[in-house]
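A short write-up of the structure that comes next.
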């Protein structure tokens, strides 16, 4: 597809490893994301799967510039034209923040417990679109309606909501500026299945409605298969496999992908779980 | 109780008022020593008593009983020299009026009072057994007093002086002008007149190789040979060697907790039965910095003698100890003309304050604004004497009107004088302002030391506030007191008016004549400096002050008793009229705490610097029972 | 209570007090566990799964309180007794814990004390319950570690938890629980915190060990996939009540209760049990969607002929049973 | 482990250097100087002093050198173990300081142990019986210890000690034994005296430790591994001692170092009231009289003690907590 | 585990209050402190006399007893006190006071008494309680100069209590500013601040305070000294707070909601003031509450050592300075009354702080300092 929103090239993320003691010097670094390249089209949903610690979070956080990647480029087709997210300073990023947003894993931790829901959702407006409070209020209530919450919610604090409801608040906040790109880092992992289903439905509806592009990180392969068109499989900081989900799931190429797939417990009690062993796949054991 | 300014001389043995008798005069031929020493003699570590005593030992009359030997007296460090009293060339009588022989047996002044010839008692020995000779005086004079390393500036009285030996035991001082008061000095601070020369020469670069001396001194952590020399001579260091002494006790050890003294086996005084003094074997002087802890310990009978740091206000506590801890609380009298004197700085740089302070009405007003009777009752249980700073009643210079001048409480009079001066409260805050409307505040800096200054001054603050004078108190540290007093920086300070006896008044009338610079006084420093520097520095005083200085000059040189008295009174009268300093209450009771086992301490005595506290009451005759 | 039943929970009610009032976590639930089988409790977060497990070992602490009910336990060859009737400091209770019933907790990262060696913690169970010396306990513990698949077990005994990976730690926790060969093993979400691949290994391990020791297992999870893989019987809980119970096939393949159906429908990858092709247009069914409510009333459990129980009015059951 | 200790030791050096600079500045701050104080005390004895003498004395003690030079001289000597010369006491600081420092450490350690002996069981008790009567009772008692100004408590205990048990007022020993060589009698005598400072200083710290202990324990008690152990059938007492207490103790160990300054401060006050032969009274004197080498060396040594205490607590902590050791 | 249903409609402030109320002792302490702060604030009115006015008839006089029953008139509604009869015991030198039944002073409430300047703003003479001009009222006895301890305790409260508050305010400003800087900026700044804190904390506090107070210029006015002491006391105390603040900043910086704000494009100031500070405000307030008693005690300690506040300023420390010896316990124990107030206030602040700590932060982790 020609309508490319993001192109990532040779992206690397390293974390400094500090020595203890007086001077706390950096002694080495931990290479969390290694030479990663991929592209993302407008309106698409890209899944990222992989085992814990494989670098999924690091990757998306680098993309959205929550952390600074150590090298590589991520060219973003913003409304102002092409920009390389990796090159911009924090200041230069500020206007771009309206065009890319993130939905967090933990619906409890990602909302400031001391702010009212109305303030939380209006915060992007307050930052980027100075306008009267009444105007903001209108948009906030509209957004609340979209994510299926009552207008009265704006007066309440996050603790008065259930996990699923909070995740909706988080989504409302992320979407109120109508971003082009939304990153969901395990956005539904902490939720119960039925709530998870609600949120996934909601995300799908919003995508259809607003033409959003998602990067969807999850360790639940069923969810990824359900929700995404394409997926990357990450293993130890690298992409070991990439492709359309059905290809990926039906015809895994890489041993690690096979291992992952074999470990999914089937919902059918008659289909016995028979995980492949790492050793037999030539993968190192923990 | 007595508020007696005077103690009946009969309360002390008659012998104490006379030059001390000697064994031969009393026909004493047999002498005994403490069991502790007898052991050492038997062991051969000490020569027999006969060889240690002087040819004709001095006999001291105990006030009550012949004592018994032994024991360790427990005291506080600040009282060490109260038990181990100074043995100077001369000494004073219990009334602090007369000068008596001591180490020096006889002395003669030349007719012009410029030459003083002295004769040392025969056979006197230092505590190491070496003989006391004229060389010990000469060493001190030539190598300590006149040594510019030890004493960079020679004190005025010693400038141009000479000392010459006549024979082993006789010598003489010669001065360019008459110096009849030298014997006063020899009686009061005789510790700065002689030293065991043979011993001390080891530590003096005039007698040993300086580089070697310094090497060993630096190795021990001292910064100069002078500090080392002084430490040995004045026992301010903690380890051997310590200079031998003539005092009843020799220091043996000094730790951060306590000092230890042991009897001087060569002590040269005996009791009327021929027992070598002192009676008490040892002294343990505990080092305590906190006066409250001392009071607590003294009141609970944990020391045998305590006085120096005992406060008049604590009498009830001590008295309680009489019941519960079996101590005795003796009421001595301080020989301070005034326990607290307040000194407005007449030479302060601030010209407005100076004008104010120099106005006699102002000083008089401040004085009559003080309710001395109330102070006497609040602080002294009514047992002091409200008075101005002047000599004590036993002095030949005393006159009642000097003590009573402007000492009556009369706030109305104070107000009228202050009004008359134009010090009006213009802003209605109850405090007077300068005539131009500026706020008038006076800061008084002081250290709370020896006498009840703090509480007295707090009262003064409230008295003065009642007549509209804003006085602010500031307790300062000793170092600061020194700096600021000598630097002419204080607006006002306070001290206790000692030097009020005939021993010291004629020689150091510092409260009445600007002739001295020290940390005590701050009321006319610039004038004192002018005087001491011969006009080179300081500020020229007005005529009436020069008159004071002239009178005093003449007093120090005059040999004629009537003239001396007249000059002294002139000085004191001027003080009474001018109120140079403001006195409060004098002749105050001094608690002297004696444990149940310490005996022969006089029930009454004069307490002060002038007579070195206990020197005249012969602590060597005090003894302990078990 | 028959010989085949190892545990029978009757009318268990648990309440939690707070400054805002009392909250009932369990509303008088009842179910039985068959000896030698694995019973799974499923239900969304907060439905009372853990509280049930904790109650079984009398681990509920203030502000929680067991206000009613009985938990009958029948160890092999011993008379049946009510766990809730035991005195709090009785020997029987301490013997119960760890010896007759053992428990594996959710978080392998925190279920082990960070400052004690693995050996110390595994041996503790033996030393608490068996009259053996340290050497013997060490042997047994090492042996058990080996059986849960830890290499170099003897060496590993001296190491600390932080030197172990997550999966290894969970193995240690399992070893700790099994070392006294309890008759009943309670697993409270033992794999939730683990990666799928490791989860698969652990599930296989628990299954094998259960067979080997012939234990009964009470397995708590909210993952229906896991239930399908490990359980023989299933209890579905919702807000402190049991909505449905039965064999794993009954419950997962032909659920009666709308809530259970809702849960299954919400799982991506269902129905059809085959992984489904990507289809954006399809929405996941949710309990809410299908029922329009999450409130399932307070119907009593009705036992059916085939052994299952459902909390629905009889009419609804009949309706649901119609093909 | 030894590498760990070595690293920590090295890290101490710059800290101590900075402390030394601060200390040096501090002791230079007050107006006036020791020479004036010395002269004042000479005058107190009746000696006369002149301006020239002052200048000579200042020169003797190198007081007119630039600050930096004075500092460098002080610190180089200090490092070589020469703590300077106390002008007030006319003695090398070395001879004044060590005994007192020893007693300070003794009292501080005794107080620390007393605090722990009191606070830890009570903390455990109040955690286990949270919001029970005992919890409140001990909280208030502990707070009382904290709230009564040290000097007041010391005075009151001193009075009680004297009037009830006839213990000599003030000091660490009875006078007879103060300088005697160590013997069992002297030790007993010490015990008879040390309880007052121990209680006074100890109770001041009890409240906070009690509270921390209680909070830590409450935290720990709900930790999964404690529940795990309970589920294993471990008996309550053993359980509490083995797990939560064991872990709740760690924060204490790590606070030894931070407690020392507090203990030393408490010690100073109590020692001044009770006239104990420790650093407190001497330090106060030194500060007031501007005896800068004495004061400086004291503060410096106390700071070194503190830093060492922190090191010690780090080492202990590392010994107790494998996570740290292996880092 | 939280219980969403119940929490639904409870505001956070209300929840905090509910939790706080459960601590009866904390609640009582809070009330006590409010009362004593009010009394201190209006001490001119509540005191019977000015702190420095003296009654020469009553030197070291014990507290007067308030009577309701008169031997002649029997019970009467208006309480009264008797005057003192003083004798100085010639044996013990003790001032012995007995009640002089010929002098009876009825207590008058809200009546005119000694004139005063309220806050130096306006003159007034009404007092909460007083006695007629001819009499005197010494509910807590008098000191060495015959000053009324009751009045002095109240005036002292103003100084001591405000010193605690101001000191802690300064501590908070310094602690939050410096700690926040370290935590937010990190890197070199953080390193330097961390080391500085370590260094400052390694110097034993009391000697440090002593040294600093000894360095206060002697020509400073009492008010200057007062502020000097505040600065000195805060000089060490901020380090503890700064460490905590820094730690919290570092932890919070990584919290999802802060990251979220950053990703929304929020600037530093917004993040600090909208997100970070409110998150540990309750913690800071609690810490502050617990630090105030430390300040008050430190002031008494400095006064005890003679390097603290000084007359004519009246603080509890200054009052206790008079009570620092053995004889007080034996002879004039009422001089220890200011100490009782110190104890009460210190305990009250601690209990209050405890209660606040337990109540505060119902959602965030309220890990202890």
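Residue numbering begins at 1 within each chain, and the chains themselves are lettered A, B, C, D and E in the order written.
Operating definition for what follows: a residue touches a chain if its C-beta (ideal position, glycine included) is under 8 Å from a C-beta of that chain, and two chains touch if they have at least 3 such contacts.
This one's a predicted model, so the numbers in the text were calculated from it and none came from an experiment.
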item: Chain labels contacting subunit A and also subunit D; value: C, E
item: Comparison of C-E and C-D (more C-beta pairs in contact); value: C-D
item: Centre-most chain, if every chain is reduced to its averaged C-alpha atoms; value: D
item: Euclidean distance of C-alpha centroids - subunit B vs subunit D, Å; value: 40
item: Rounded Å distance between subunit A and subunit C, as computed from the means of their C-alpha atoms; value: 32
item: Between subunit B and subunit E, centroid-to-centroid distance (C-alpha), Å; value: 46
item: Subunit A-subunit E separation of Cα centroids, rounded to whole Å; value: 53
item: Contacts with two or more other chains, residues of subunit D listed in rising order; value: 14, 30-31, 158, 169, 272-273, 284, 288
item: Residues within subunit E bordering two or more other chains; value: 7, 10, 214, 218, 306, 324-326, 330
item: Subunit B residues counted as touching two or more neighbouring chains; value: 292-293, 296, 477, 480
item: Subunit B partner contacts - residues on subunit E that touch it in the complex; value: 52, 54, 56, 59, 88, 90-95, 144-146, 214, 218-219, 222, 306, 310-312, 324-327, 330-331
item: Touching residues on subunit A, where the partner in the complex is subunit C; value: 51-52, 163, 192-198, 200-201, 204, 219-223, 225-229, 244-246, 249-250, 259-260, 262-273, 275, 278, 286
item: Subunit E residues within the subunit D interface of the complex; value: 25, 195-196, 198-208, 210-212, 214-215, 217-218, 293, 297, 300-301, 304-307, 320, 323-326, 328-330, 336, 339, 342-344, 346-347, 350-351, 354, 367-368
item: Parts of subunit A lying in touch with subunit E, wherever the complex brings them together; value: 24, 64, 66, 93-95, 97-98, 101-102, 104-106, 109-115, 123-124, 127-128, 157, 159-162, 170, 173
item: In the complex, subunit B residues that touch subunit D; value: 74, 149, 151-153, 155, 188-189, 192, 220-224, 226-227, 230-231, 236-239, 253, 255-258, 260, 284, 286, 288-290, 292-293, 296-297, 300, 302, 477-483, 516, 518-520, 609
